[in-house]
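In the two assemblies presented below, chain A is common to both, partnered first by chain B and then by chain C.
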Partner chain A sequence: MSERLSRAGAVRVGWTSAAVVVLLALPFYLDAFWLRIGLFSMAAAIGAVGLGLLSGTAGQLSLGHAFFLAVGAYGYVWLAGEPGPGLPTAPAAVLAVLLAGAAGGLFSPVAGRVRGIYLGVATLALVFLGHHVLLTADSVTGGFNGRSVPPLELGGFSFSADSELTLLGVPFGAEERLWYLGIALFAVTWFTARGLLRGRPGRALVALRDSETAAAVMGVNVARHRSAAFVVSSMYAGLAGVMLALSFRRVVPDYFGLVLSVDYLAMIVIGGLGSVAGATAGAVFVTALPLLMTRYADQLPLVAAPGTTDGTVGPTEAARYLYGAAIVLILLFAPDGLHGLVRRLRARLRRRRAAPPPVGTASASLPPTSAARTKEPTP
Partner chain B sequence: MTTLLDTLFNGLALGTVYALVALGFVIIFKASGVMNFAHGSLLLLGGYLTAVLHDDLGFAGALAVSVLATAAVAGVMDRFLLQAGGPDPHGAHVQTIVTIGVDILILTDLSRRIGGDLLSLGDPWGDSVSGLGPVTVADSRIAAIVVSGMVIAGVFALFRYTSWGLSLRAAAEDVEAASLMGVRLVRIRMLAWCLAGALAALAAVFLAAFPAPGLERTTGQIALKAFPAAILGGMASPPGALAGSLLIGMTEALVAGYQSDLHVLGEGFGDVAPYAVMVLVLLVRPTGLFGGKAAVRV
Partner chain C sequence: MTVRTTAPPELAVTDVTVRFAGLTALDAVSFTVAPGSVHALIGPNGAGKSTCFNVLSGLCRPATGTVRLGDADLTRLAPHRIAALGVARTFQNIVTTQGTVADNLMLGRHALSRAGFAASALRLPHVRREQRAHLARAREIAELTGLGHHFDSPVALLSYGDRKRVEFARALCLEPSVLLLDEPVAGMNAAERARTVEVVHAVRAELGLSVVLVEHDMGLVMRLADEVTVLDFGRAIAHGTPDEVRGDPEVLRAYLGTGAEQEDAA
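So, the complex of A and B:
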């Protein structure tokens, strides 16, 4: 048994390192369009992991994720820019993440008391009030037109195309550089979130989700864990906001609306609640699909080229149709999301591999329910 | 004084129309535990059907068709998309996300058809006004108050006096017990969705009528303001939804009416004031004004 486990472990390490190598090599082969999709996906994945922690694991429905993303993005722009304190960019990024966490903490009087659907709509208020503030507080946010984002500098290395850099014959522009930053930040997110989920805090949050009373009896401090989940999730959102701001190079209020919050909710449910890998898969799916659809619209049947009007289906609309249909279909056939789908497929594959043809012996080794099924007469 | 009366009247009219939408949210939530994100698109669908049909069928005919059609769409959506896996009480959050998908589909299609146009619904009130004591009010607003009030009273009577209402209340109280008593959960739930769809289609008429320029593709977003209204009253309480809607309507009208005195808060604060009120109320009463404190049995 242990031999098999260790073999499975070795296989897993092999796959993980192969994936990392591929991710690290991609900037040498892909052009800026694909890299940008990757950047947005990584940023979205960071935010989605945070929301998954809050809504999936802790069971606190939040529609306010866009607000915390906005705090991170605008926090960075204001702290590092003019007008603003004009801090060096690296500490500004860290402070922006902390600022988002603080915003989550300020909301904890509501988050600690309000439950379920009430919390969902209460956080909805954050999005609308936040959007209003972004539009009106011109001196900080730049109003309707937003602000341009100062590029991040880390120890003299600038994450922009200002300075020439060529590696192995490939010119390294902003996208290529940010790609590695994104991978590093995503790795941090991945490991911290998995650590949280598998350790004491994660188990406390799951206990809270399943039954608050039972969790309190077991010694979980309900109010503290509820607001801590909110703070941590907001910090991930803030990090995602900084990453998004760096990738977009301009922040505008209209981006951080209800649609964005709903997109994040769709990411974690499509991916599968309560799993870091699921949230990542959902984030990539929701982010990349519209961008790819818009790019390859002309090659799809029934879709008109961009710019034509008079009632035909344009690429943006086609992308929205497909997005909506994908949400409905995935959840119709896999209510536990992509994560659950993969798990079931893997279980089926393993069963097939473990129990090859001879029916008599196979049914004996299977659990009773499936054994009963094999005995049913086939028409 | 006239301004105040004017504002209060506007608030009342807005509030009763919001109540139509909020009541739909509450009925759906009571019956299925789902927060219906597609409500805005259902509202837009109702308005759109009225707008395109009123030339051929006349206003009343078009309204009747659109109310029935929207109810049917809502019912079909619940029966065949949300309840596809059976009435699973634990799947409410997944079903909530499915409504987001449906919302995207309907909204994309309607936006494409409407484009940048302003559609007239052909309502009989037009832009006429009447004097009501010291203030002049739009006829469409009077109609909104009267019709909405009658419909809301009718819905309350449905809840109170029909066997469907009794079944719905029983199912909301305890799904399993209701099912053992012979309540047909699937059908009860589907009818609840139909009713909510019909209310949304009716609300669309008043939201697009006179002081508003007409039906736009963004009209459906008004449904989002009914969220705080429903929450304020307590999501599971229909009278609460009515009270919450009136409060939200009044708040919005007052903030908009006294905009010049409130310019510190920024332009267009009236649109977001409902949310501010809601957060304040939730701080004091976490389950809304009329929501009972949920007892926990261990």
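So, the complex of A and C:
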């Protein structure tokens, strides 16, 4: 048993290090377009992990995720820029994350008391409020046109194309440099979120989602854990906001609308609620798809090239249709998302390898349909 | 992990009244659970047994009356504070959470562990140590309740009887001084019932806790209980040892309806 476990552990370590090596090597081979997709995906993954913690694990719907992304992004720009305190960029980034957490904390009297879908409606207000403030508070946010983002500098190293840098014959511009920042921030997110989910707070949040009564009776302070989940989720959103701002190099109010919140919900549903890997997969899917479709629009049937107006479907709309369809398909056929799909495929493969079924009875070896979440009415 | 060695405090319910709109669910109910005893609450459906449990665990606030555990007043405390004081309960309908048996039992260790959000996110060494120690104790409790071989199985895949047992084990993981069991053997077959009775006896002997039991299975009540309180329409109509209660005419009337001939037959 332990031998098998340790072998599985070794295999896992092997796969993880292979993935990390590939990720680290990519900037040497990919051009800026692909790297930019990667950057947006990493930023989205950080935010989606945060929302997954709140909505997937704790069962609290939030439509206000875009607001906290905006707090992170604009917080960084304001803290590091002119007009603003003009802080060094690294502390400005950390403070922006804390600022997003504080904004979540201010909302915690609501977040701690309001449950599930009702919180979703309450957070809806935040998005509209945020958007309005972004448009009108010109001196801080730059109004409709937004503000340009000061590049991050860490110990004299600038994450921009200002200084020449060539590694192994590859010129390192802003995308290449930010790629490594993104990987580092995502690694932090992965490490901390898994620690949370597998530890005492994660179990308490799962209990809250499955049965508030059982959680309370087992000693979980319901309001406190709900608020804390909201604050933590806001901080991940803030970090994602900083990363997004750095990748975009310009922040504009219209990006941080309700659609963005819905996109994040789509990410965690497509990826599979309640898992870090799922949120990541969903984030990459939702982020990369429209960009890829825009790029390769001319090669797709029925999709018009960007800029043409001959009545056919534009690439952005087509991407929206496609991921709308993806959500419906996933909800129908894989309610536990991409993550659950992969897990079941893996289980099936393992079973098949363990005992190759005789021909003709393959269908009998289907794994049992995943057991629905045990959710009982409370007394 | 520390296992309490002193006798548990006395649980005293005094004149507790609960009203839901016009309905009086509990009407000035009083009873005392002696330290280390098994106290059964029985009564026909709708008598107020589960409401009484909800008052004891803080899910329902009484209009009047008090609940005291030793020196502590539980009456107006939030459920998680009552749990921290050592009152654990199970539910009539099984309420487990997603994940493995281990996950569920570790939820029971929540009030006894400290790891917060920041420390867990950073996986600080003391968090890992704490988690390991509690996991070891949870495994002991799983062995004690006969769930040892299911420890890492998802709860959703377990049989009904085993899931009931998970709830029971989870409550024990709180290291309670008072354990509230709401119909622990409902829906179980004879073998499972016998097994549960054994486990209740075992934990009582080993952990020395008081047990409050709501149960419809009279055979089980008579075998397990040291003392019985009978509720009917929210009122406590009889107290006593199982034998005294069995002969009480009020109790027979509540269960069987009126009629002198039935009384004679009993």
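Please note the rule applied: the second predicted complex is superposed on the first by the 355 of 379 C-alpha atoms of A that agree within 3 Å, B and C clash if a C-alpha of one lies under 4 Å from a C-alpha of the other, contacts with A are read in each partner's own complex, and residues count from 1 in each chain.
By definition in this document, a residue touches a chain if its C-beta (ideal position, glycine included) is under 8 Å from a C-beta of that chain, and two chains touch if they have at least 3 such contacts.
Computed from a prediction, not measured in an experiment: that's the story for all the values here.
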### Message
Tell me the contact category for A:P109 with respect to chain B and chain C: first, second, both or neither.
### Response
first
### Message
For A:L135 in the superposed arrangement: first (chain B), second (chain C), both or neither?
### Response
first
### First (chain B), second (chain C), both or neither touched by A:A193
second
### Task
Report the partner of chain A that touches more of its residues: chain B or chain C.
B
### Task
Check the residue A:L331 against both partner chains and state whether it touches chain B (first), chain C (second), both, or neither.
first
### Task
Determine, under the contact definition given at the top, whether A:R250 touches first (chain B), second (chain C), both, or neither.
neither
### Which of chain B and chain C A:R203 touches, first, second, both or neither
second
### Message
I'd like to know which partner A:T213 touches here: chain B for first, chain C for second, both or neither.
### Response
both
### Contact residues common to both interfaces of chain A (with chain B and with chain C)
213-214, 217
### chain C contact footprint on chain A (complex, rising order)
191-193, 195-196, 199-204, 206-207, 209-211, 213-222, 228, 232, 274, 371-374, 376-379
### Summary
Within the complex, chain A is touched by chain B residues 29, 35, 37, 81, 84-85, 91, 93-94, 97-98, 100-105, 108-109, 111-113, 115, 224, 227-228, 230-231, 235, 265-269, 271-272, 275-276, 278-279, 282-283, 286-288, 296, 298
#### Entry: Touching residues (chain side chain C, partner chain A) in the complex
50, 54, 57-59, 78-80, 83-84, 88-89, 91-99, 103, 106-108, 110-111, 113, 115-117, 120-123, 127, 131, 154-157, 170, 174, 182
### Task
Provide the residue numbers of chain A that touch chain B in the complex, in ascending order.
61, 109-110, 113-115, 117-118, 120-122, 124-125, 128-129, 131-133, 135-137, 212-214, 217, 258, 262, 265-266, 269-270, 273, 309, 311, 313, 317, 320-321, 323-328, 331-332, 335
